[in-house]
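Once you've had a glance at the structure underneath, I'll fire off some questions.
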């Protein structure tokens, strides 16, 4: 371990401790504004009140892709620049990204239920998000499968980058597969011609959720750094036992033999 | 403010988002407390980091 | 108590490892099995442990508990240490103590006896080879069984560990136990010798 | 009894800790099920007709996949030697290991079934029927699969060979599992008949599996 390896996460922890409360506060305020605005937004002439689901669905869907983007940059950081924090950032982002993707899926299916009559339709967008969700889970499983974080880091980074290249291809194939089977899409979710009355609440909510992600991500990164410290301290503890037992064996043996004999 | 015939869907989706986000926050805070406690335990048992500072010191 | 084997023959993979082998060890005695590589030291231990079936001959433990087989009254310390890296030191030991059954000892005291008592909550994955061996030795103490079958027990241990282990073996013999150890190195206790000739 | 409890506790702990593979089975189940519509097409009526079969195949493959290391892991680190030398009969130890495996890897599959039922357009009754048949049938898959896992130790091979050995043995379970769920959804058979046969298959496997696995392990030691 070099000095920079130690210093960097330490400085990061100091920085996090200072800005986390401010971030959390800003997130809460923006979320409150966004929620108020979306509650006040008028009904859509086609979709009625269900358009309100859009205000939480779209930010989650946006984050599901944005988080993978963050992880891809972190993966580059691991593979190319070997930045000590890059792997921590990628690993901490995965569960949060998976949670946002899950929410995008569920809110999407709840939004579609009144239109489709079923909770799940193999709609191109929802299906792509579902596959993204599976990829998040797979990545998390990869991290869990390997005990040593530095060994898991490179494998996970490669998988993240392959995923980033593959996601557009998957999206394209699913679109093609979907149009092959059902020519007319059931509804157009969040079309490009959005009324200003919807645009503002949506934007505020999107910014609020992005801030939420940044806050959670920084906190999760801090946890991950501490987890790694615990790990390295435990390894030091293990090596110290070997050392100390060599020094103090004589008395220890006598004491131990007495206790075992008496037991 | 009325949500029309699909009120339950709207309420469910907002509630679900709230619950999942809260769970995330609770998990992260609990994880922080757990790691912090383990670090303190380890320090109490006399293991310190090579730099000589306590592992829980952030500065 | 007396552990004896008579006219033992061992065949592995169609090859005769040894034949017409006799041995006998009484309470409080140790026997070292000596011989070149491939002479069947490990096979003999596994035969006594019930992990291999003799092609000929029989093994008996006179004066032990009648309703238990020899292998159920023996501890086997092999090359592989039967530890799960995902479990902590204490969890590993407690599991074997609970599972092997019989007269149990306190797991923490057993760890203290092998100088691992400060590492109880450490995952076994972090242990060095010598520490893993110590943890395996703690297993011999956690459940009391009269016969110890040891395969190169001191190979991974440092000087302090060996000294500690000699003390534990003496205790075991002092309580009327039986030790059979296959080894290249001197064991550090007074013991009879059984020389394996190697394949004829 | 406490010896078996200790074994079950240890195996579940290892499966759920970092490096354990219990939850990967669920992820595999999820992925296989999601792949099906891409091959079959997104026709909801068709999917709901195929749903029970897809879920059963997914569960079968997922439970088989995780069985691979049931005994080989213990064999590789020497634990199996000590299990054989313990005062617990090997048959009971095998049964305990299979039970632990089912609790850690089989039960999550059943818990995941309702979510997957939603994706395949199954209604409440159909999902419940599939979950119920899986609850009755997956123990049989684990206990017969255990025989293959024990053979894998003897033969020093696992993976694909295990699948080839075990898949034919699980055909009856598949037949009656899918038949029972279809019966509950569309008839014309009554649900009870195939379901009770499924339960009977599970009960038979509880007896047969541990004995066959223990016999195979005893002969496979070296």
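In order of appearance the chains are A, B, C and D, and numbering begins at 1 in each one.
Assume a residue touches a chain if its C-beta (ideal position, glycine included) is under 8 Å from a C-beta of that chain, and two chains touch if they have at least 3 such contacts.
Since the model is a prediction, treat every value here as computed from it, not as a measurement.
Student: A-C versus A-D: which has more C-beta pairs touching?
Tutor: By number of C-beta pairs in contact, A-C is the larger.
Student: Averaging over Cα atoms per chain, report the distance between subunit A and subunit D in Å.
Tutor: Centre separation, subunit A to subunit D: 31 Å.
Student: How far is the middle of subunit B from the middle of subunit D, if each middle is the mean of its Cα atoms, in Å?
Tutor: Once rounded, the distance between the two centres reads 35 Å.
Student: Taking each chain's centre as its mean C-alpha position, how far apart are subunit B and subunit C in Å?
Tutor: Computed from C-alpha means, the inter-chain centre distance equals 48 Å.
Student: Specify, in ascending order, the residues of subunit D that touch 2 or more different other chains.
Tutor: In subunit D, residues 18-19 touch at least two other chains, as defined above.
Student: At least two partner chains per residue is the criterion; list those residues in subunit C.
Tutor: Answer for subunit C, listing residues that touch two or more other chains: 85-86, 118.
Student: For subunit B, give me the residues that contact two or more of the other chains.
Tutor: 45
Student: Please list each pair of chains that are touching.
Tutor: By the stated definition, chains touch in these pairs: A-B, A-C, A-D, C-D.
Student: Quick one: which bits of subunit A touch subunit D in the complex? Just the residue numbers, please.
Tutor: Residue positions touching the partner: 109, 118-122, 127, 130-131, 134, 137-138, 141, 144-147, 174, 177-178, 181-182.
Student: For the complex, which residues does subunit C have touching subunit D?
Tutor: Its residues touching subunit D are 12, 46, 49-52, 68, 71-72, 74, 76, 78-87, 91, 94-96, 98-102.
Student: Contact residues on subunit C for subunit A in the complex?
Tutor: Where subunit C meets subunit A, its residues are 85-86, 105-106, 109-110, 112-116, 118-119, 122-123, 125-128, 130-131, 141, 158-161, 163-164, 167-168, 171.
Student: For subunit A, which residues are in contact with subunit C within the complex?
Tutor: 147, 234-235, 237-239, 241-242, 244-246, 249, 252-253, 255-257, 259-261, 263
Student: For the complex, which residues does subunit A have touching subunit B?
Tutor: Spelled out, the residues of subunit A in touch with subunit B are 1, 6, 10, 13-14, 17, 39, 43, 48-50, 52-53, 56-57, 60, 95-96, 99, 102-103, 106-107, 110-111, 113-114, 212, 216, 219-220, 222-223, 226-227, 229-230, 232-234, 236-237, 240.
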